[in-house]
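In what follows, structures are represented as C-alpha cells.
Two complexes follow with subunit A in common, the first pairing it with subunit B and the second with subunit C.
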Partner chain A sequence: MSAVGQRPGRATASLRHRLAERGIDPTLLLLVPGLVVAVALFVYPFSYGIGLTVQPTAAMQEQWGGGALANYVAFFRDPFVFDSVWLTMRLALPAALFNVLASVPVAMVLRHRFRGKRLLTSLLVLPITLGTVLTAQGLLIFAGRQGWINRTLLELGLVDEPLKLVNNYLGVMLSLIITGFPFAFLLISSYLSGIDPSLEQAAKTLGAGWWQRFRRIVLPLLAPGLATTFVLTFVLAFSVFPSARLVGDAMGETRVMSLMAFRAFGEQNDYTMASTIALMMGAVELIVVVAVLGLRSLLYRGTTGGKG
Partner chain B sequence: MSDFESLELRGVGRRFGGVDALAGLDLTIRAGEFVALLGPSGCGKSTALNCLAGLLPLTHGEIRLDGRRIDTLPPERRGFGMVFQSYALFPHLSVAKNVAFGLQMRGVPRAEIDARVRAAIDLVKLGEHAKKLPGQLSGGQQQRVAIARAVVLEPSLVLMDEPLSNLDAKLRLDMRTEIRRLHQSLGLTTIYVTHDQEEALSLADRLVVMREGRVQQVGTPDELYESPASWYVADFMGYRNILPATVVSASGGEAVVELPRVGSAGDGGVRLIGRAVGGLGAGDRARVAVRPEDFTVTGAPRVAPASTSGGGTTGDAGSVPGSVSVVEYHGREFAVGVQAGDTMLHARATTAPDVGGAVTLTAPVDRVLVFPESLDAVVVAPREVAA
Partner chain C sequence: MAASTLERPLAARPSTWFVWAGMTAFGVFLLGILVAVVVDSFGRQWFDTWLPDGFTTERYVAAWDRFDLGEVVGVTVGVAVLVVVISVLVGVPAAYALARRDFPGKRAVMLLFLLPVLMPPVTYGIPLATVMYSFGLGRTLTAVVLVNLVPSVPFVILTMTPFIEQINPAIESAARMCGARTRQVFTRILAPLLVPGILAAAILVLVRTVGLFELTFLVSGPGSDTLVVAIYRGMTAAGGGEARQLISAMSVIYTATMLAMLVVALRFVNPTQLVAQVKETRDD
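Coming up: the complex of A and B.
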C-alpha cells in the first residue's frame, strides 16, 4: 500500500504533489493578501455601489416610476442624462482614434536613429507628466479669448474677432489629444520595437516598397497592439472629467457622463443616481472594449519575430 | 538562371562611426559561382553582404553588375535574393504566402504565382507544410522556407548570411548538401557568409577569407588549403599548430626557425626547417604552421637536431620532443595532444601512444609553413578564376 512507510514528516512533498495533480498550486496562496486588498478596495465598494443604484430616492421613484429601477428608468428616459452617453462618445472615440492613428507614423519615423531623437521623444512624451488640470490651465492661457494664439492672430490681422478654441468641444478634444497622444505614442513605439527589423529588410530584398512593407508586414503585426492601445486611450478619454469642466462647455456640448454623475452627487445629493450613472459609464466602456478586443481576436496574434 | 556575366566590387567599404567595418573589398564574381566569405565573428562579413543587398549604403567604392552601377539602387530594385541568419520569415503569413510575397511584389499573375510557389516549396521538400505558419515549423524547415522564398524569384544573385548557424550539427550537414544541390540544379550565383571553414570549403568554388574588415586571401578551397598566404588563413584552413618562432636563416624558399616556447627550457628551443611563405630574413619574428595530420608521432625521442639533419623538401623538418598528454579516439585515428615545453601540439596517430610517454613529432619540410608574424603586410590580390 502506498501509505506504508510514509511518515508524517515526509508528507509535505507528497501533499504538494497530490495537490498539483489536482491543479492546485500552493504558491497561489501568495495571492491571498492581494485578493484581500482587491476585495476590500474594489469588489466591496463596487457591489455596494450596485446596491445603491436599486435604492432610488422617493423623488426619483415618483418622477420616473419603475420602483427599485427608477434610477435606470431615469437614465434612459431623461434626455438630459442619456444624451451624455452620446456626448462622451463623440469626444472619446475620435480622440482615441486620432491618438492611435497619429502615433503610428510618428513612432515609425522615430524608430530610426537620427540626431535629436531623444529630445524629440522627450518633448512628445512630456505632456504625460503634466496631468489634465495643468493641461487645461495651459490651454486656457494659450488658446483662450485673451490667449497668445488669439492675440497673435488679431495683431497680425488674420482674424477680426478671437477664435473660440476653448470652453467648447474643440477645447476638450485638444486636451484629450495632448494628454492621450504621448500615452498612445509610447505604447505603439514599444509594440513597433517588438517587430524584428530584419522582417522589413527581408521584404525590401523581395522587392517591396515602403508602402507595401507597411501595409503587408508592419501593419498586420502591429494591429493587435493598435487595438490594445485604442482600448486604453479610449478608456482614458471616456472618463474625461477635469478638462470637460475646465476647457469645455460643462452644461452643453461637453456634458460628459462623469460630469453628470458628479452633478447628481454634488448638486442634487442623489448618491444613488450618481452610482447609476457611474455604473452605466462602465457598461458603455465595456461594450466598446469588448467590441474592439473581439475584432482583435480575429487578427494574427502570434510572435512578431522580434524581442517582444 | 543568373542573367548576368559578372558582378564587380571595387574598393567597397563601410564605416560605422569612424571605424571601418569593411574596407577595400575588391572581388569579381562570375555567373554561376559559389563564393564563400569566411572569417570570425565581427570581421565584416554581414556588413559586406548587406552592402551588396543594398540594406547598408556604402561609404566607399562601387558595385557594378555587367558594368552597370548598382550600389545606388535601393534593395527592392536590385533583385537579389537574401537568406537571413534569423530567417526573417513573416510570422503572420503561411509558408506558401511567405514564398509568394516576392512574386506578388513584382506583380506576377496569380496563376503563375501559384505554380511557381508550388514548385519552390516542392524543391525544398515542404509540400505538406505549405499552409502552416512559420512558428509551427522546426528550425530546418524554416530555413528551407527562407531559401525557397529567396530562390522563387530566380534572382541573379543569392546572398546567404550564416544560414546554417542556428541549426544543430546533424541538420547542418543535411542542409549543406541541400544548399549545394539547389545551387547546382538552379544554376544560381551564390555568395555565402560563414565562420565555419568546413562549411566554406565544402560548399564554395571560391573562398574569401576576411579579417577585421579586410580581405586576407581569395582563392579556390584547394589553393587556400594547400598554400595559405598568412598564418591567419592557415589557422582557418586546419593548421591547428600555429607557433611563434624566430627566423634563424632563410634562403631558397626555406627558413630555419627557432621555437622558443617549444622543447625544454634552457636549450634555446627547438629548431625546425620549413617552407617560407612571404618575405623572411634572419632575426624576423615568424609563425610556424603545421597541420595535426602532417606530424608523425614516434615513440623513442630522436637526438638529431634539425640544424644538422639538413634540408631538402623531402627531408625532415626536424623533430620536436614532448610527452603525450591527451589521446582522443576519432574513429579511424587518434588525436594526440603532445606537451612540448609550454606549448600543446596537436598530432594524429593510427595507434594510441601511452599518455605520459615521451614521443617525438616530425614533419616533412614542405608541410611546415613559416609565415611572417605581421598580418598587415599580407595583401593578396584577388586571383581571377580561369573562366
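Coming up: the complex of A and C.
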C-alpha cells in the first residue's frame, strides 16, 4: 500500500513491488498445485519413460544388438513393429481428412437458423456418449454378416452375398468416422460462428457469388481453425486402440501402433519396449502436427497478407 | 412465416441436398448402431432373422451378476466424482493465476498444460503406468484416479482460463475499494461469477472421465475397473469373449449413464463447448 504513487521501476521500490510490476506476486502461488500435478504425473513419468527406452532387456539386446539402443533398433528393424507406423497412418490420416472436409459443408449449412437445429446438434453429440466400445459393439451387430445393413442390401438384391464391413480396415474406418466426425463438426462450427457474418454480407453486396465468398472470405478466415481441427481429429484417430482391436483385424491390416505398445506392455511385460513404441508414437504424431501447422502458417500468410 | 423464408434458400441449392444426404447416411448408421445394441440386449436369441425371436430383460440381471456391475458402477461413479473434485480444486486457482497475471515463463507453463491434451494418451500413459506399477500402485483405485487427473487438470485449466479472462477485473478492484479482504473477494465476488464455468468444466470432466478408456485400462484391474474397461474386457475375454447379449446389456447401461449426464450437461453448456476448449488457448 505504501508503494502507491511511486513510479514503476524506480530503484527505490521494494523488491516485492518490483517483482509485482513484472507480474510476480503471491497470486502465482495458486499455480503451485496445478504445477505439482503436471510435474509429478506428467513430466516425471515422461522423463522416466525416456530413460527406460535406453535400458533394453537382455533378450532384446541379444536379438537386435545395438547395446543401449536395442529397443530403437528393434523398432526400426522389426517389420512386425515398424509396419504398424504405416498401418496407423493409413487409418488416421484419411479418417481425419474425411472428418474435417465433411464437417465444413455440414457446418456451413447448419450455420443458419432453422427448426430442429438443436435436435440435430444434439444428435451429432450423441456419438460422444456412445464411446468407442459401444460403437464397436453396435457396428459388429448392425454391420455384421447378419446385421441389418447386409440384410437390407440382400433383400433389395443389391448384393449377392453379405458385404464384409467389420473385422477389417473398413470397420475401423467407420468407427473412426462415427466417433470423430461429431468432434470435428462441433469444432468447425465454433470456428465458423467466430467469423463475422457482415464480412460475407459485404462481399455479397459487392457481387461475389457463393463460391467466391467461400474461397475469398470464409476459407482464409477458417484456415487456422481447419488446421487445428485436423490436428485434434488426427490425434484422436491416431491413438485409436479399442476399435482397432474390436472391429478391426488386430493382427493384420489394423495392427496400429497403440496395439503394439499395449501388447509389449500387457502381454510381454517388456516395459522398456512398450515405452519405446509409445514415445515413437508421440514422435510420429508430432511430425504430422508440425507439418500441418507449418502448412497452415504458409496458407494463412499467403491469403491474408503476412499475419500468420 | 419467418421460418419458411429462412428455409427456402436452404432447399434451393443442390449442395444443400448433398449435405442432407450425407447427414442422413450418418444418422442411419448412428441410430442403427444404437438401436441394434438396445434390441440385442433385450433379445432372447438373435441369429439369422430381422429381429430376435423373443424379448426378455433377464440379460440385464445376468450381466449385473456376471460382471459384478454393482461394484463396477460404484467404482466408475466414485472415480469420476473424485477426479472432478480434485481437478476443479487444483485447476480453477491455476486458471485464475493464468488469466489475471502476466509473468515471465507464462508461455512455458501454458505449454506444459497443453501437452497432455495434445499428446496421444498412450504416449504418456505407458510410462505413467510403469511408474505406478513400480510404486506398487498398479491395479488400485488410487492409480486410476491419478492417471485420470493427467488430462483432467489441464482440461479444467484450459476451459476456465478464457472464462475467467472475460470477467471484468474492475469488479474485483471495486470490491477491494469497498474494503473486501481477499477471502471475501473470492467467496462473495468470484465464486458466484465462476459457478457456471466451474459447473460446465466439471460436467465435461465427468463425461470424459467416465468415457476414458486407454489410461484407465493401463492401470486398472479386478476391483478397480471402470464400466468401459469392464465392457472391453468382457468383449476380449479369453475363449471368444462373453455372450454378445450380456455385453450389449452392459453397453446400454453405459450409454444410458452417459446420456443422462450429457442431457444435464447440455442444459448448462453449448454443445460446441464440449470439444472447443483448445481453441482459445491456441491464440495466446
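What we mean here is this: the second predicted complex is superposed on the first by the 274 of 308 C-alpha atoms of A that agree within 3 Å, B and C clash if a C-alpha of one lies under 4 Å from a C-alpha of the other, contacts with A are read in each partner's own complex, and residues count from 1 in each chain.
Assume a residue touches a chain if its C-beta (ideal position, glycine included) is under 8 Å from a C-beta of that chain, and two chains touch if they have at least 3 such contacts.
As the structure is a prediction and not an experimental result, all values here were calculated from the model.
**Student:** Please indicate which partner A:278 is in contact with in the superposed arrangement: first for subunit B, second for subunit C, both, or neither.
**Tutor:** second
**Student:** Just to be sure I read the superposition right, which of the two partners does A:288 touch: subunit B = first, subunit C = second, or both, or neither?
**Tutor:** Neither partner.
**Student:** Counting residues of subunit A touched by each partner, does subunit B or subunit C come out ahead?
**Tutor:** Here the partner covering more residues of subunit A is C.
**Student:** Would you sort A:216 into first (subunit B), second (subunit C), both or neither based on which partner it touches?
**Tutor:** first
**Student:** Under the stated touch criterion, which partner chain does A:190 make contact with: subunit B (first), subunit C (second), both, or neither?
**Tutor:** The second partner, subunit C, only.
**Student:** Once the shared chain is lined up, is A:205 touching subunit B (first), subunit C (second), both, or neither of them?
**Tutor:** First partner only.
**Student:** Mind working out whether A:125 is in touch with subunit B, subunit C, both or neither, as first, second, both or neither?
**Tutor:** A:125 sits against subunit C, while subunit B stays out of touch.
**Student:** Going by the contact definition given at the top, which residues of subunit A touch subunit B in one complex and subunit C in the other?
**Tutor:** none
**Student:** Across the complex, what residues on subunit B touch subunit A?
**Tutor:** That would be residues 53-55, 74-82, 84, 86, 88-92, 101-102, 105-106, 133, 135, 149-150, 153, 159 of subunit B.
**Student:** Spell out the part of subunit A that touches subunit C in their complex, as residue ranges.
**Tutor:** Contact set of subunit A toward subunit C: 22-25, 27-31, 33-35, 37-38, 41-46, 48-50, 52, 102, 105-106, 108-109, 112-115, 120-143, 146-149, 151, 174, 178, 181, 183, 186-187, 189-191, 193, 210, 224-225, 228, 231-232, 235, 238-239, 241-242, 245-246, 257-258, 261-262, 265, 271, 274-275, 277-279, 281-282, 285, 289.
**Student:** Touching residues of subunit C toward subunit A in the complex: what are they?
**Tutor:** 3, 6-7, 10, 13, 15-16, 18-20, 22-23, 26-27, 29-30, 32-34, 36-37, 40, 47-48, 50, 89-91, 93-94, 96-98, 100-104, 106, 109, 112-113, 115-116, 118-131, 133, 146-147, 149-150, 153-154, 157, 207, 211, 213-214, 218, 228, 231-232, 235-236, 244, 247-248, 251, 254-255, 258-259, 262, 266, 271-276, 278-279, 282
**Student:** Quick check: in the complex, which residue numbers of subunit A touch subunit B?
**Tutor:** Residues in contact with subunit B: 196, 198-199, 201-209, 212, 216-217, 220-221, 300, 302-305.
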